[in-house]
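Should a chain be cited, it is by its letter among A, B, C, D and E, assigned in written order, with residues numbered from 1 in that chain.
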Amino acid sequence: MNFSPVHFIAVPLFAAFLIPIVGRFSKEAVKLIPGLVLLYLSYVAISLYPIALQKPIVEIIAGFKPPFGISLYFGPLAAFLVTMVMLIGLVIWLYSYKFIIREPLEKYYMLFMLVIAGATGIMITGDIFNMFVFLEITSIAAYSLTAFLRDKDGAEAAFKYLLIGSFSSTFYLLAVMLIYANTGTLNIADIAAKMQTVPNQPKIFIMILFLVGFGIESELFPLNGWAPDAYSQAPSPIGGVFGGIVVKASTYAMMRFAFVLFNFHSMFELILVLGVITMLIAEMSAMRQQQIKRMLAFSSIGQMGLIMIAFGVGTDASVRAALFQVFNHAVIKTLLFLAAGYLVFHSGSKKISALDGLGHNKPITSFFFALGALAIIGLPPFSGFWSKLYILTSVAKGGFLASVVLILFSGIIEAIYYLRVVGRLYFKKDVSQDNVRRTPISGLVAMGILAVVILYVGLYPHQIIDLIKPAAHDLVDKAAYIKYGLLH
Amino acid sequence: MIYYITAILLILIGMYAVLTKKNIIKIVIGLSIVDSGVNLLLISIGYIKNGTAPIFSVKGLTPDKMVDPVPQALVLTAIVIGLGVTAVALSLVIRLYDHHKTLNIDKIRKLKW
Amino acid sequence: MDINWLKVLGIIITPIIAFIVGVAYGGIVRNITARVQNRFGPPVVQNFWDIIKLYSKKTTVSHGWMHHLAPVFAITASVTTLYFIPVLRDSKLFANLSFSGDLIFLLYIMVFGSLGMALGVGQSGNPNAAIGVSRGLSMMVGYEIPFVLALVAIMIQFHTTSLNDLLAVQDKFTNWIIFQSPIAFIAAILAFLGMMGYAPFDVVIAPAEIASGPPSEFGGKYLGLMQTSRSIFTFAKLVLFTDIFLGGAGDFGTLIVKTFLLYMIPVLTGIVNPRFRTEQAIRFFWKWPTVFGVIAILAVVMKG
Amino acid sequence: MISIPVLLLLIFAAGLLAFIAHHTIPVLRDAIVIIAITIAGYIVWQLPGQTSNVNFSIGMFAINWGVTEYSQLFGLLIAVLSFFALIYSSAFMANKERLGYFYMNFMFSIGAMFGIVYSQDLISLFFFWEIMTWSSFMLTIYCCEEAQSVGLKYFIFSAIGAYSILTAIVIIYSGLGSLQLANIFANFGTMSIAAKLAVVILLITGFGVKSAMMPLHVWAPDAYKMSPAPYTAIFSGALSKMGIFGIGLVLFKLAAGQGFYPYVQEILAWIGALTALFSTFYAIFQTDAKKLLAYSSIGQLGYIITGLAIGTPLSITAALFLTIMHGIFKSMLFLSVGAVYYRTGTTNMNEVSGLIRKMPYTFFTALFGIITVAGIPPLGGFAGKWMLYESLIQSNHYFLVIVIFFASTAAFLYLYRFIFSMFLGQEEKETENVKEAPLRMIVPMLILAVSTLVFGVFPGLLLKPISGAMGYLGNFQHAWETSVLFNNWGSEIDLNTIVTSIGGVFIIAWILITVKGYRKNRYVTTKDIHTSGEVPTGNENLTYAIDFYKPFERALGSVLKPSVDKLYNYTGKLLEDSFEHLRYVYTGNGQTYAMYVMGFLLILFLFSELIFGVAL
Amino acid sequence: MTYDKNSKKIVDIIQNFARKHSLWILAYGTGCGAIEVPPTMTSRYDGERFGLRGAATPRQADVLLITGYLATKTLKRVIRTYEQMQSPKYVIGFGSCTINGGMYWDSYNTIKALDRYLPVDVYINGCMPRPESVISGFIKLQQLISEGKANGAEKYQKNLEWYRENQKKVIHNWKMPDYNW
C-alpha cells in the first residue's frame, strides 16, 4: 500500500467528524473507531518509518510545491515522535475504552481524535501557519477535554488553560505575522533559508514571541500556571494525553524553531536556565501536594524542565538525550496517569492519603504505579535511568556542572515524593472499601503495554537510541532540513 | 500606518482588559479584542494602498498593485479559530457561573498551590 | 616434633610460682591493711587456707554451663597472660611463650578473662552480679585509655611492640623506662590502680552494696578457682609492669622486691581511700591519667 | 566456559523465577534460589580461570565485565554469605507473607552486588549500584508499616550517595571521555586538579553512604533493624562492603599518587576512627538488638575505612581481613538475633532474657560472634585488630590508634549487653516455651561460627586472596605465614602458639573444675539466687536490662547529645518548609498566571540586550 | 564423697584445717545481737585473726550467724538463706533468744528454740553476748570442725522431714523451692 503522511492528519480529522454522527446509531462504534484509526495510523507510522529514515518524506498538499504550498515534512524526528504519539494514543484509547463511562462519549472520542490530529499535525507540518491551525485544534480540544467532567474544578482549570492558551496562540500568530512580513514566506525550510538575511532586531523579537508562545504550551516556569490545574482536573487518560502528546508537540515546535530558525547561543542558554528553574520549582511544589494527580502534574512539569535543560545544552548528544527523555517521559508519565486514574477511581478520592493500602486491594494497578514511579525516578533497570544518565553526561560535557548537581538534587526530591506515595500504597492498612469494582482488563492491558515498553527500553536502551540518533540529527542539522524541505 | 497603530492599540486594550478586569466575561471580551487586533495587524501586513484583489481580472495588473492574498487567507482562518476559542470560553464561563455563582475571577481559585 | 622440655617445665612451674607469690601477696596485703587499721590481721598464709577451704567445699551450685565455665575463662586469661610475659630477663626457663606475642596481644588477652567471667556471671541471673559487670566493663573502658596511651608512647619511643625488646632496652639501671619516660609511667600507674580493683576503684565488687557484685553467685570450687586466677593475674600484671617500666628482674629476689613495691602503690592507695562511684572513676581516668598519657606521646613525638 | 553474564543472568532469573514460583508452586521457590546460589558460588569460584573480559556496548557507553583479584575477594564473600543466608531464610521466612517479593529482591540485590564487583566500567557499576539500592530498599520496607519512613530515609541517603557517584562519573566522562575502569585508572592523572579532587570526594561520599560513614550513617540502624534477619546479614555483611570495595578502588587506583592524597588519607582515617568511636557509644545505649548490631556494624566499617585510608601494606591487609571477617561475624550475629526473633518475636533486648538453655546453639553462635567482634584471641577478629593497631602505630598515627582502641574497648560494653540481655540473665516466664531454632537456621550459623575459629588460627587462609587483591590495588606487599603475622618493626605473633596455649589452659582448667566434686554439682534455675532470703515469685522482675550502662552514660555526659540525625531532620524540615512557600507562586488565579506571562514577555523585551545581546 | 567422721585421712585433716581457719560469716542481723558483730570484727577484737571474714552472699559463706530473736516471718528468710549455703555449713545461734526465746519467751510471733528449725552447731549465750564470748563461740566451732563434729548440715539433710514439719508449723504460707544444698 502506498501510505502518505497526510493520513496522520486526515484520518483522525475525518474520524472526529464521523464520531458524532456514528454516535447517533451505536455507542460501541464510537468506542471502536478511534482504536481502529489509531491502529491504522500506527501501522502507517511504522511502515513509513524506514522510508523516512533513509530520506525525509516531503508531502506536497494541493500541488503547490514548497515554498508556495503547504507541505508536510516527515523526517526521522517526525517519524519518531509520531510513532510515539500513536503508541501513547493507542494505549490511552485502550484504557479509555472502559474507563470513560461518562456521557457524552462521542464528544470525548471526537476531542481525543482532534488532539491526535492536531498534535501529529504540529509534528509533521512544514508550514508555520499550518502549525498555528494545528496548535489551535489541539488547544481547543484540550480545553474542552479539561472540562470534560463538567465539574466545578474542571471548568475552572479549563478556563485558566484557555486564558493562558489564548496568549500562547496570540503570540504565536504575531510571530508568524512578523516572519511573514520579514521573509514573505510561511514554509519553515524556506524561512530557515531566508532567516540569515533578516536583521537581528526583528529576529530577536520574533524569537521572544515564539519562546513565550511555545513556552506556555511546553510548561516553562513562569508560563505554566495552567498546567497543574489542567492535568489534575482532566480525566486521567487525558493527563497522559497532555503529558505524552500535547506538550511534546509544542516542545517539538519550539525546538524545531530554535534549531532551524534562530540558532542563537543565548537562546539556548535561556532555555537551559528556564529549564533548571522550571524543574526545581515544579519538583519542590510536587513535594507538598495532597492530590496525586496534581503531584503527577508538577512532576510532569519538572520532567519538562529536565528535557528543556538537555535541549538547552544544544549539542548533538544532549539533543539525543532530550529526545530519549521525551520518549521516556511520555511513556512513563502516561503509565503513571493511567494507574493513578484507577487508583483514584478505586479509592474514591483524589487525595494521596486516600490511597492507603490500595496495594493489597488492587495489586496490579498499584504495581504499575510503583513501576512507573521507580522508572521516573531514574532507577535501573528501567528506561528512565538511561535517559537521565544520557542527559547528565551530555550536560556535564557541555560544561554545566551546576545543572548536573541541580538535576540530581531535584531527582532526590522526586524520589522522596514518589516513594511516599508508593509507600502508602503498599505499607499502610487498607482503608478502601472497594472490594467489588475491579480494574478492567483493557485498562490493565494498556498499562501493561507501557510497563513492558519501560522494561524493554530499560534493558535494551541501544535499540531506541538507534532510532533517536537520526531523529536528533534531523533536528540539529539545519542545512539538511532546508535542503529536503525545499525539495532541492 | 493607522492600521498598525489601531491594531496595536486594540491588542493593548484587550490585554489591559484581560489583566485587570475581574469579571470573566470582560476577560473573554478582552481576549476577543486582542484577537481582533492581531487579525487587523495581520491583514494590514499584506495591505497596499490603492491595491486591488490579487485576481488577474484586469489586463496589465502587476503584482505590486495587488494586495498580498496570503494574509487574507490567514486572517480568515484566524477569525474562525478566534471565534471557536471565544465560543469555548463563553461556554466555560457559563459552566463557571453555574458552579460558582460568581463571575469574579479572584473568587474562582479553588485550584491553587 | 621435638619438644622443648625446658619450655614445658617453664610452662608448668610458672603458674605455680605465680600462684604462690600471688596468694602470699594477698595475705601480706591483708596484714598490712590490718596494721593500718590498728589490728593484728590474719596470718600471712590465711589466703591459702581460704582457697583450700573453697576447694574443699562439698557441694557446688551452678546455674548452667556458662556459669560453670566462667572461672575457667578467668584462669585461662591469667595463665595465658603470664605465659606471654617474660618473668625473668634472659631466663630461658621463664621466658615461656613471650616470643610469640606482643604488647597488643597482651592487652587483648587480659580482657579475655573479664569477658568470660562476665558471661558466666550473666548466666547466674543475679541482678547484683549484672550490675557489677556493668560497672566493671564501664570502668575498664575508663582505665584502658590511659594505659594504652602510656603503652603507645613507649612503643613509639622504643620502636617496638615486643616486651622482650623493651626488656633489652633497659639494660642498666638508668635506662629503665620509668626514668626514660616518667610521664608515661604516671599514666600507666594511675591506670594500674583501676586495673587492680582496690579502693577507690572497687565499685565493681562493692560487697555491702551489691553483694560482692559479679562473684555473688559463685561459691565453693568456682570461687576457689576465681581466687586462684586473681592471684595469678595480680602477679602477672605486676610482672608486666615491672618488665615494662622497672627493667624487669634478673632473679627472683629482685623480682619479688620490685613487684612488691609496685604492688604497694594500689594497696596503700586503697587502704586510705573511700570508694568512687562508677562515673566518677571513669571521669577520673579520662582526666588526669589521660592528660599524662597524651603528654607522654607528645613528648615522644617532640623528641623525635 | 561459564562466565559473568551467565552468573548475573542466573541470579536475576532465579529472582524472577522465585517470584513466579511463589505465586504458582510455592514449594519450588526456596529450591530455586538455593540451587541458583549454589551454582553461582561454583561459577564465582572458577571465575579467576577466565582471562577474557566481557565487552559490549549500550548506546554510547561501552560495557566491560571482568574479574580481578580484588573483585574476586568480594565476589567470594558475597557468594558464601548469600548461600548461608538463603539456607537460613528458607526456614526463617517460612510462612511469611509476600515471599515472592522477598526472594526476588533478595536475589536481585545479590546479583547487583556481583555486578558491582565484576564491573570493569563505571556505567555498569552504577547500574548495578542502583539496582542494589532499590532492591535493598524494598527489603527494608518489607516488614511493616513502621519501616516506611525508615525506608524513605535509607532511600534518600542512598540517592544522595548514588548521585554523588553519578556526578563523579559524569565529571570523569566529561574529562576523560571513557568510563572503562582501566582507562580511568591509567589516565586519571591527566584531569585537572579540581576535577580530580571533586571526583575523589564525590566517590568517597557515594561509597561512604553504603558503608555508613559517620555523617552519612543515620539510615543504617533503622534500616538494619527493619529488614528481615537473613537479609540483614547480607545487608551488613556483604552490601555494606560494596562501599568498602568502592573506597578501596578510589583510594588506591584514583587518589593514590595525586598531590592531595595524603590529606584525603588523613581525613578519611579520622572520619573512620570517629565513626568507630561514636557509633560504639551509640551502640552501648541501644535497646534493640538489631540496632545495637547495626551501630556495631557502622563502627567496624569505621575501622576498615581507617585501615584503608592509612594505606600502608599492613593496614590494607588489616582492612581487607577485617572486611571479610566482619562479613562473617556480623552476619552470624544478625542471624542469631534472627533466630531469637524467630522464636520470641522480638529483638528488644529488654523483653527477652535467659535464652541460653533454650537456644544453646544460637547462644554459641552469638558467643563466637561477640568474641570475634571484640577482637579477643583466639578467634578471627584478633588477627585483623592486631594488624590494624600495629599498622597505625607504625605509620605514626598515635592518636588515631588511641581513638580506635578506645572504640574497641568500649565495644565490649555493647557486646556484653547484647549477649547478656538476650541469652543470659533471668529466664522469664514469657520465654518458657521457647525452643531452639530449626536445623536449617542453626547449621549456617554454626558453620560461620566455626569458620571464625579457623580464620583466627590460620589467617593465612584469608591473607592469600587478600594479598592477591592488594597486588591489584597497587603492588602492596606484606609478609605473612599461615598462622604467623608480622608487623613492620619485626615483632610477630604466632597464632598457633597462642591458640594452643589458650586452648590448653582452658581445657585443663575445664577438666579440673568439672571433675572436682562432679557428682555434687547441682544445677539450679536462675530464680534460685541470692535475694537476701526472699523467695522470688514468678512475676518479680529480677532482670537487670533497662539502662544497663547508666553509669557510663553519666560519665560520658553530654557527648552524645548532639545528634546528626536531628540535624538532618531539621534540615529536611527546613527545606520542605521552603518548598511549601515556593509553591505559592501557583496562586490559582488565572489572571495572575496571565500576568506572569506578560511579565515574562516584558522582561524578555526589556532586558533583551542583557539576555540576547541585542537591544530592541 | 560422703563425709565420714571416723575416717581421718590426711586429706580430711588438711581440709578440716583449712575450713577451721577460714570461716566466712554470713551475719543475719535479725536482732539486737547484730550490734555485737562489728566490734568483733574491728580493731578492738579483730576477728580476722582467726580467719573470720564477712561474706556477702550465702553462696560464699560458711557460717550463718543468727544474731538474736527470729520472728516467724524472718525465719522463712533465714531458712532460705541457710539452704542456699553450700556445705559444709555451720549455724551459730547468738544470744539467749535463739536458745529459749529469751526475753521474748512469751511472744506470739517469735520462735523460741532455733534448734527445732535449723541445725545449730554452736550457741553463744548472753543477752547480748560480748565480743569475747562471740570469739570463744567461734573457737568452739573451730574445735568442733577440726574434730569433725560440726556436722549440722548432715543432720539437717538427714532429718529434713522433721525440720520441714516444724518449719511449716510456724510458717503458714510455705512457698519455698526444694532444698538444694
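Just so we're on the same page, a residue touches a chain if its C-beta (ideal position, glycine included) is under 8 Å from a C-beta of that chain, and two chains touch if they have at least 3 such contacts.
Computed from a predicted structure; not experimentally measured.
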| item | value |
| --- | --- |
| Leader among chain pairs (count of C-beta contacts) | C-D |
| Furthest chain, CA centroid comparison against subunit D | B |
| Chain occupying the middle, per Cα centroid | D |
| Farthest chain relative to subunit A (centres taken as mean CA coordinates) | E |
| Centroid distance [mean C-alpha coordinates] between subunit C and subunit B, Å | 100 |
| Centre-of-Cα separation between subunit E and subunit B, whole angstrom | 117 |
| Distance from the mean Cα position of subunit E to that of subunit A, given in whole angstrom | 96 |
| Subunit A-subunit B separation of Cα centroids, rounded to whole Å | 28 |
| Junction residues of subunit B, two or more chains touched | 18, 27, 108-111, 113 |
| Overlap residues in subunit E, where contacts from two or more other chains coincide | 1, 57, 59, 84, 180-181 |
| Contacts with 2+ other chains: residues of subunit D | 517, 520, 522, 524, 527-528, 530, 583, 586-588, 590-591, 594, 598 |
| Chains grouped in pairs wherever the two touch, ordered by label | A-B, A-D, B-D, C-D, C-E, D-E |
| Of subunit D, residues touching subunit C in the complex | 354, 356-357, 363, 367, 371, 374-377, 382, 385-386, 389-390, 393, 396, 398-399, 401-402, 405-406, 409-410, 412-413, 415-416, 419-420, 423-427, 487, 489-494, 497-498, 501-502, 505-506, 509-510, 513-514, 516-517, 520-530, 542-544, 548-549, 551-552, 554-555 |
| Interface residues, subunit A side, partner subunit B - complex | 129, 132-133, 136, 139-140, 143-144, 147, 150-153, 155-160, 162-163, 166, 169-170, 173-174, 176-177, 180-181, 186, 228-229, 232-233, 285, 288 |
| Residue numbers on subunit B that touch subunit D, as the complex places them | 15, 18-19, 22, 27, 105-106, 108-113 |
| Subunit D-touching residues of subunit C, taken from the complex the two chains share | 11, 55, 57-64, 66, 68-69, 71-73, 75-76, 79-80, 83-84, 97, 99-102, 104-105, 108-109, 111-112, 114-115, 118-119, 122-128, 130-131, 133-135, 137-138, 140-142, 144-145, 148-149, 152-153, 155-156, 159-162, 165, 211, 216-217, 220-222, 225, 277-279, 282-283, 286, 293-294, 297, 301 |
| Subunit A-touching residues of subunit D, taken from the complex the two chains share | 57-60, 123, 126-128, 130-131, 133-134, 141, 144-145, 147-148, 151-152, 155-156, 159-160, 163, 166-167, 169-171, 173-174, 576, 578-580, 582-583, 585-588, 590-594, 596-601, 604-605, 608, 611-616 |
